[in-house]
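What follows is a set of structures to go through.
Two complexes, one shared chain (chain A), two partners (chain B, chain C).
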Partner chain A sequence: MDFILEGLVTAVRLLAGLDPETFSAVWATLAVSGLSLTATLLLGIPLGFALGYFQFPGKRVVRTLVETSLSLPTVVIGLVVYAFLSRRGPLGDLGLLFTVSGMAIGLTILGLPIVLAITATAVEGLEERLRFTLLTLGANKRQVALASLWEARFAVLLGAITAFGRIVSEVGIAMMVGGNIKWHTRTITTAVALETNKGEFGQGIALGCVLMVIALVVNLAAGFFRRRAKP
Partner chain B sequence: MSAKRLVLALALTLAMACPALAADTLMMATTTSTQDSGLLDYMAPIFLKATGIELKWVAVGTGKALEHGKNCDVDVLMVHAPKAEKELIDSGALVDRRQFMYNDFVLVGPAGDPAGVKGKTAAEALKLISEKKAPFVSRGDDSGTHKAEQGLWKAVDLPLPDKESWYISAGQGMMATLAMAGERGGYCLVDRGTYISYEAKAKGKPALVILVEGDKKLANQYSVMMANPEKCPKVKKDLAKKFLDYWVSPEAQKAIADYKLEGKQLFFPNAGK
Partner chain C sequence: MSAPLYEAFDLALDYGSQPALRLAHLSVSAGSILGLTGPNGCGKSTLLKILAFLLPPSRGRLLFRGHEVADPAAARREVTLLLQEPYLLHRTVFDNVVFGLKLRRDNAGREARVAEALAMVGLDPERFARRRWFELSGGEAQRVALASRLVLRPAALLLDEPTASLDAKSTARIHEAALEARRAWGTTLVIVSHDHAWLAGVADEILDLRPADV
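And then the complex of A and B:
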């Protein structure tokens, strides 16, 4: 129990004292989650929108597949990505294993179903009459689509926040694909895993607190955007 | 002090953003014991100064480390599973193996020692544990320690007790396995380095104490080797050779002997012996 208190105190010490290892892990976490969140949103929002907005044969199958992939265990994703990125694998020559970029690929696979499913649901949940109202107002097809997406913005933002949460707190993929290399691919979460394995529970709690500080900052920013986007 | 740390933190941030500026780098797969004991953190800057090579490593179980070597994911390995290593050398997956240091395993257990193994040889101890059905916690994760433990059961002609009720296969790292053994009042095979760390953390009241040590069968040999350049064309051959030559050099051997954890020497250099 005392390691929890010890951890809280250590967290303050690590942050205030600008501990290099901690900040290296912070940087790695931000780099990896920034890259993967960007990719997830750039791919997920347009595709999720299309999935919810348009009718096409096999739509239900695709929806089911997307929602099933929400349950993919992270270690399995990590293993599959490793298989592809390993030197023996098909993408081995890209040299992405044990790099931040490689980790970002794995984490994008994790976050994509979340954004796809939530965006698609949000768009599907829009009022039917919205489309007709926009058309009667003289909007063309593209304007209708963009306006519909804008109407769904709060749910889409929640999808982004959920994906961010999942990505930033992930361990299995980061370990398997990143290798937890100090100064390079050691993120806060993999550092926590290492410290707990070493029995340094206080250090583990401390790093966990640091991660929550980051998450808090990101969510405060998201809240700011949400207020600005209010009609 | 604070300004210096800020500069260091910023410098590291920039350094991570500019990988092209780094010195020659070499990728190594190693086991958790070399990392968790602090040896690699201690040796890496010494290695950099001596060779100009930045050593990057992934610390995983020995089984996984050997897989990484086979799959050409890394350039070099530092592991402690001689039998498994020799198999891969024979099959040509790995080459140029050099033994360079050893430490030992110890058998730990509750101070009460229900199976009465204190002071016995490793073989006798395992026999007693098996007969008395005393709880035994295993790493169960194909690590060097796990392989050594399995070797011990075989050495005393006992079948691997996987299915026995008193045998607990933890499937976790060394510290977690020790914690489990402490909770269950069980016996456990552990490398001395991790035990020293465990003992220090327990602040003088460890749940487990050393009961069997010094047996020849408990010696734990570490070796370095490289991925086969013929099978792994991308391997950094020249840097790997420098790496292998370094660990058996007198300079490295002395540095290893100088490394102490909680004031005790952890690893014993034995290159060329």
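And then the complex of A and C:
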């Protein structure tokens, strides 16, 4: 029990003293999460909207593929991205392995199906009355599409927050593609795994606390948008 | 008698193999108020959607201002429908009412026109303009939806059961707003209602639709 208490005391000291190594992992986490979330939203919202809004041959197959990829194991994503980015891989010349950008690619693959599926479901769930209302108010096809996406905005934001929660807490892809390099690609989750293995509970607990605060903020935001989506 | 705004001949609409509307002839004079009644399932709401250019008829001819409409999107800028259960956009009252003007890039005096439309349906713009869609009662939401149509000063305003489940005050306001639209802009009104007494007090003429044919 003593080592846990010692770990808590060390955690408070590290956080209060703005320990550079601890905060390097926090900044790396925020950088890689921000980068991958941006890419996830830029790709996921238009694709998700198209999937939910338009009727096209093979739509059900695409939906099934997207929903299946929601449960893709992170180590499998890490393995595939590692294989593509490694020196012998097809994208090896880009030099992205063990970089923040490389990690962001893997985490984008993780977050993309979440935003895609939630956006598509939100758009599919829009009422027929909305389409009639927009048309009878004089909207053309483009205006109907844009206004429909705007009506689904709270659910889309909920998808973004859900994806962020998944990305920020991920460890497998970050470890395999990032390499857990100190001051560089070491994130909160990979640092916690490493420090715990080393028996350094203080830094592990400190970083765990930061992750819990991020999770709390994400959860509060998700709750807010969930309530707004269904007033 | 003014020229007809709408004329329809042998109009029919089917949902698959299910006939939804059969109408031998319809003529609606410009600036008039036509009431539509009939039993459930006779196609009253379907007819309004056809007149609003939201649904194309399966068969028959529909003339608007004496011509068949080649571009329904352009015609929808002149005609608007208030659905039986209106949908309010997830925005403020002001943003709901101004929405159609924004679509038309009609920027002149937007705020004054929104205030005018809200006043027509008996809602104080000062009190209601900034309210959000979920802060309204059913009657207020119905009146905001009507205001979002009135602000467009349409050539034809089609109302589907506009007073269903409304209190007497809201019903009276909608009655007054409909008459005011005709007086101010010469708007033609086609109103579906089961409330025969109310409809008789508003409409110039009442057409009783039958399920099979009229």
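Here is the rule we use: the second predicted complex is superposed on the first by the 200 of 231 C-alpha atoms of A that agree within 3 Å, B and C clash if a C-alpha of one lies under 4 Å from a C-alpha of the other, contacts with A are read in each partner's own complex, and residues count from 1 in each chain.
By our rule, contacts are C-beta pairs under 8 Å (C-beta built on N, C-alpha and C of every residue); 3 or more make two chains touch, one makes a residue touch a chain.
Source: prediction; values computed, not measured.
Visitor: Will chain C clash with chain B on chain A after the two structures are superposed, or do they fit?
Guide: On the superposed model, which is not a single observed complex, chain B and chain C fit side by side.
Visitor: Tell me which partner A:151 touches in the superposition: chain B (first), chain C (second), both or neither.
Guide: In the superposition, A:151 contacts chain C only.
Visitor: With both structures superposed on the shared chain, find the angle between the C-alpha centres of chain B and chain C as seen from the C-alpha centre of chain A, to the nearest 10 degrees.
Guide: About 170 degrees between chain B and chain C, seen from chain A.
Visitor: With the two structures laid over each other on chain A, which partner does A:143 touch: chain B (first), chain C (second), both, or neither?
Guide: Second partner only, chain C.
Visitor: Using the superposition described at the top, determine whether chain B or chain C touches more residues of chain A.
Guide: Chain A has more residues touched by B than by the other partner.
Visitor: Of the two partner chains, chain B (first) and chain C (second), which one does A:19 touch, if any: first, second, both, or neither?
Guide: Touch partner of A:19: chain B, not chain C.
Visitor: Quick one: is A:97 in contact with chain B, with chain C, with both, or with neither? Answer first, second, both or neither.
Guide: first
Visitor: Thinking of the overlay built on chain A, is A:130 touched by chain B (first), by chain C (second), by both, or by neither?
Guide: A:130 sits against chain C, while chain B stays out of touch.
Visitor: Please state the minimum Cα-Cα separation between chain B and chain C in the superposed model, rounded to the nearest whole Å.
Guide: 41
Visitor: Quick one: in the complex, what on chain C touches chain A?
Guide: 49, 52, 54, 73, 76-77, 79-81, 83, 85-87, 89-90, 99-100, 103-104, 133-134, 148-149, 152
Visitor: Over in the complex, which chain A residues touch chain B? Could you list them?
Guide: It is residues 17-20, 23-24, 27-28, 31, 86-88, 92-93, 95, 97-98, 179-184, 196-199 of chain A that touch chain B.
Visitor: Where on chain A does chain C make contact in their complex?
Guide: Those in contact with chain C are residues 127, 129-130, 132-133, 135-141, 143, 147, 151, 153-154, 231.
Visitor: Write out the stretch or stretches of chain B touching chain A in their complex.
Guide: Contact set of chain B toward chain A: 2, 5-6, 8-9, 12-13, 15-16, 27, 32, 36, 41, 56-60, 71-73, 172-176, 178-179, 197-198, 201, 232, 234.
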